[in-house]
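Next come two complexes built around subunit A: one with subunit B, the other with subunit C.
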Partner chain A sequence: MNARQNQIQTLLRVDLSSGKTRLETLPTSWTAKYIGARGINARLLFDEVNAGTDALGPDNVLYFGTGPMDGLPIGNGRMSVACKSPRGTIAEGSFGGFFGPELRRAGVDYLAISGQAEQPVYLYIHDGRVEIRDASHLWGLTTDKTDAALRREFRDPDVQLRYIGPAAENGVHSSVIMGNLNNSGGRAGCGEVMGNKKLKALAVRGRQGIQVADYDAFIDAYHLYRQRLDLATSRDPWTPVWSTYGAPALVRLFAGMGNLMTRNAQEMGWEAEKAQRIGAEIYLEKYVAKAKACFNCPWPACQKIHVIPQGEYQGFRGGNYWAGQPVVFGSLIDNDDLDLTLILSGLCNRYGLDIFHVGFTLAWAMECFERGLLTLSDTDGLELRFGCKDHAGLIDLVRKIAYREGFGELLALGCEQAARLVGGGAEKYCLSVKGQEIEAIAERNMYMVALGVAVSEVGPDHTRWYPPYPCNPDLISRDELLTLGVDLDLRKAFQGRNPEEKGKLLRWFSISRAVVESLPGCVFLVRDTLGLDMRPWQQLFQAATGVQIDYEEFLRAGERVLNLERAFNVREGYRRVDDRLPYRMSHEAVPHFNFPPVTQAVLDGMLDEYYTANGWDLATSIPKEQKLIELGLEDVAFALRGSTEEAKQ
Partner chain B sequence: MKRIYVIEDLCNGCRLCQTFCSSLKQGVFSEQARIWILKPPGEERDIPILDCIGACIRPIAEDGTPTCVSVCPTGALYYAEAQQAVELRLTWETARQLQPLFKVIAPWKWPFPWHTSEPAPEMESPTR
Partner chain C sequence: MKELELQYVGPIATLANLLAERYTTQTATLRALIKELDARHPGLLQMFVNPQTGQLNLNTMIYYGDPGQIPAPVLNLDHPIQDGGTVTFW
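So, the complex of A and B:
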């Protein structure tokens, strides 16, 4: 059988301007140094996309990266997509599904897409060959229709696809790349960049196998991994609920705990009956048709396919109802009709819109409308209030955002830019950081979330320091922690509204999740021992690649990735002042629960601790030269010298 | 004789069975296996198709269960004698009428007691 050795990683370059393609082999030393996926994407991006590059120009490069675990039973089909974001930061996201393993089986580990096509095109990669094909018949189609059209073309159900919808074609803020109908990735701007390159889709089919270095060791490590994730044996009490009911199970719980963003996070609690109506139990009972999974996931039903059973929208199909949808299209806009929640999120998938962009911008617009900053003449006659019952109007508004029509044109800019145009204090109601809308997680009740949202290089993204709500600290002993190199007081670290130890905990989560996303693996599967013990992943990595590195060095790879991403932002001019919180989170207390705001003084304390733990300069957040040299990133240290000196003046 | 049985509706399409099966002979993970998960366009069905009687060449589970069955997360594959197979199938069919959770997982894969507001109806296995 034709099998690929797992130590060698290949990069396929495609220049859409000239139509030229080239297959390269990456340095083998990179596997130990950056592992793969997110790590190697960060390295390539730092090397190849210079400071000040126009994100929406031919010089921006869009990278798709698999890694040494993709195609193996633990990669979970994750892959990383990265480019420079149109908002100026690094853009990196990860998606699941089946595309990553297929790309590796086709003989390609990384794709670097540069240039801009004149006419819409799609790429077809099969068994080491690549074709740039005309996509004018696909341009303008929604993602579900693109999927169907391409599948008709290939007549092979196992061709794997990634595509963009009309939103990305029209350059809508934060639009995503979609695949397997309901999997999305790259909300930090990757869809916009793909649309700008006039690249409608990627299609891939490969039949090579992937050989691991030590099969028996791999199977042993897999048993350990499964033991930690199986419903009966996982030490994390959330595992069984999480892997069947899924994250919407939290809605009802959070509504009573002060963790559920309601009416644009003006409040953090919601009526229990309302929360129940959009929660996981009713979803599973009345809507779910069947379970779905990403490639080789050990969990039974993290994803599901659903169908609206009755009423006006009977038969509307979709999938992947997770933590974001019940909040952004539920409590955040005060809607307790699950049909509407599923339709709005389903339409986002079909248009290729980011649910957090649409949800938070919609909620911002509702608040502005209620406060008189937007009027009926702005909203094309839509009474845009919280709890809006004009469902047809809201559904049409999502379409208008994707096609940038009427009032949709303003919302398509994202809430930060839109607020600037509206003025009159509208910025105070916009919940965004670094130009990107936040996610549905409670900053004022869980300070690690506040810190994580503020510092994230790509804009708010909880998967970079998952889990946001660590649970029982007694599951792991102090001695065990110390053997893992985690020197922190877990009790304090897990206290929600206590700023102590948050910087150190976040650093630990950030670097270990960078490792997971570089393998790649799914960050949700870092359960058991609270995601603090990465030894099973180290064993799997060694068995799969034959690269023998100790535990400390394994985690140092994650630290390198984090520093490279920070360095990319530093080179683009991002500094400590950009690591901030939305106005509401830093100035307004949570009513009823009496949680104080996370003031700048509190945030500053946590930032100091985080930067110190990382070896970054306190005044600027620039990684210190000594730290970069220690990590073997001398070239990065050299490249940042200008930024450091400029900051001193 | 024990065989591998399939509950199509419980298959979530993860392909763990296929990937592991492919590797048993040569240690190479691919799609070429004795089990194939057919995925018709539309993401709505996942259909396990077996070319195997369950004589697994290398069970990775200690109890000797065929590898594809032991790695299946939902219970869509199970390994049983003919009569036991009918009983297990009936257990699932009954359970899913009483508790929506069992739309996505077989009751023997759920590690906790479960209850329903209605008492379970009395049923007899058709093979008894």
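So, the complex of A and C:
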């Protein structure tokens, strides 16, 4: 078996309009500067997708990026997908599975897909070669059927696939790219862009090995990494629960703490009995058929395959029940029937819909219905109230969203656009930022979450600053913190409703997670020392690539990525005013728990601290020229001069 | 006597074979409560108390809330418990 040198990263360009393809080698200096995956995708996107590019035109480029850790035991199969979002911002997401490692084994690290095909196509990449194949027979199929059809075609169990569903083909807002049936990625509209290019699927197969630069050093670093994730030796209280039960275990915990969005976040608590019915314990005991993990992941918690054991929907299969599903198809719509939760989330996967788009837009519609802003004539006769018992009606509504039929046409737009069309104050009930629905984490009880949701370049995405709910800061000393480059008062920073130190903490998490997602690794596997110790990752990176950079420079790569992504948005016209919170979070207190809203004044204080820590202009949020030059991004500084001058005027 | 609301989450639910229960006790602290509960749910003491230091094991967590208060993580096992309190073993 051939082995690839891990220091060299390759880019395969595919122009779907002309059918031309080209394999390039990326500059070797980029590995130290941007690492890979999310980092290199950000660099490519900034360089190649000009300001004002039509996101749904041929000039938008869809990038798939692996990185130097993909295909190694550490990589967990993560990879990055990026493009310009149809909403206008940068779109970037990470997904797991097995596709990334296989792509590298096929001799390709990055894919840049431009143009638009005339007829539906799919790409087959194998051992350094690429074929553009007809996909007419796949167009219109749901993701599970697409998966099955391609597997029949290839007759090779090791071929790895990514595909879109009918939602992306039909141009549904925020539609995603799927793989391994239940892995989704690119919720900011990457699926919609892929559908617009008439690219139904990607298939890869490779046979090359990947050669690490220093095998012994890699094994040493790997042992350290695994020791910190071990149930017996970890000092992180989240490890035992996380590694086995996964994030749905939070539902019961958060229901009584004011952290569980209920009835479109009008409330933040839920009856304990209801939370129990959709919690991780019941799920694991009665529904899980098989534990599954991404490539070489030590925690088989998030990819479990489940089957509904009895009742009307007996036999319905799905997977990947994580924190989002029990909230958006549980408490958020006041549904405590686990069968329905699993069906709604499973259908999202099959249609290629984003669960947060569907869940939050559905909850918005329910609130509008209860307030009289929507009526039975709008909802195709569906009595769309919280706790809706018309399960068949809800299930059909998800289908209508994917196919943009009837009332589904409105919800397919996402709640922000839909609210504008409905009017009458419906905007107040829409929980979105930068045109993207938020996620299932409590802004009004955890101010770092509020700040993270407001500033995220891609729209709300908690993986960019995970973990939002750390444990007790006493577990790590001040001296240890300073060694790790974390110069802040951790106790204050982790106090939920204290705005102090949140800007600094968020900056730390944003930068360090940009590093993890560029390696790429999984942000859920950063436990121990509260996710603050990046040294094991630095050791792994050095051993894998042979690139010797110190700890400070390693983190600086993450800072470059964050600044590139911010710069992309600045060039598209995004400014401080766009770093905001949904109306509910900034104007309404949380009943029962008496949490006040995160007012604009509170948010402004946190934004000031965050921008200052990042070296960004306070009035505009534009990265300062001096900061960009310090990061070695002189070309970005030059490109932003026009934006800075315009902002001054 | 104190009546408490006890919640067992994730692996602790497996250990207790129970998701939640109302529990009456005369104990005054979390440490004493755990010791008493160990008779009912064998293994709980070993799970939560480090035998060498007598402190909370770092890979476990306890959330405690007095009546009407929102539960919060507690590191000190000598933390007092009150009638109507809620304890979540994580």
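In the analysis below, the second predicted complex is superposed on the first by the 647 of 649 C-alpha atoms of A that agree within 3 Å, B and C clash if a C-alpha of one lies under 4 Å from a C-alpha of the other, contacts with A are read in each partner's own complex, and residues count from 1 in each chain.
What we mean here is this: a residue touches a chain if its C-beta (ideal position, glycine included) is under 8 Å from a C-beta of that chain, and two chains touch if they have at least 3 such contacts.
Since the model is a prediction, treat every value here as computed from it, not as a measurement.
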- Message: Touch test for A:M585: subunit B only (first), subunit C only (second), both, or neither?
- Response: neither
- Message: Is A:N182 touching anything from subunit B or subunit C once the two structures are fitted on A? First, second, both or neither.
- Response: first
- Who does A:C297 touch here: subunit B (first), subunit C (second), both, or neither? first
- Message: Comparing subunit B against subunit C, which has contacts with more of the residues in subunit A?
- Response: B
- Considering only the touch criterion stated at the top, classify A:A3 as touching first (subunit B), second (subunit C), both, or neither. first
- Query: Touching A:L231 in the superposition: subunit B (first), subunit C (second), both, neither?
  - Reply: both
- Look at A:I210 in the shared chain and tell me whether it touches subunit B only, subunit C only, both, or neither; answer first, second, both or neither. first
- Touched partner set for A:T244, first subunit B, second subunit C, both or neither: both
- Query: For subunit A, which residues belong to both interfaces, subunit B and subunit C?
  - Reply: 231, 240, 244-245, 281
- Residues of subunit A that touch subunit C when the two form their complex: 231, 234-241, 244-245, 249, 252-253, 256-258, 272, 276, 279-281, 471-472, 474-475, 593
- Task: Please give the residue numbers of subunit B that touch subunit A in the complex, ascending.
- Result: 9-10, 12-16, 19-20, 22-23, 26-32, 38-44, 46, 60, 71, 73-75, 100-101, 103-105, 109-112
- Item | subunit A residues touching subunit B - in the complex, by the definition given at the top | 1, 3, 71-73, 98, 105, 147-148, 151, 157-158, 180-182, 207-212, 215, 219, 222-223, 226, 231-232, 240, 244-245, 281, 284-285, 288-301, 303-305, 317, 319
- Can you check the complex and tell me which residues of subunit C touch subunit A? 7, 9-11, 13-14, 19-20, 58-61, 63, 65, 70-71, 73, 75, 86, 88, 90
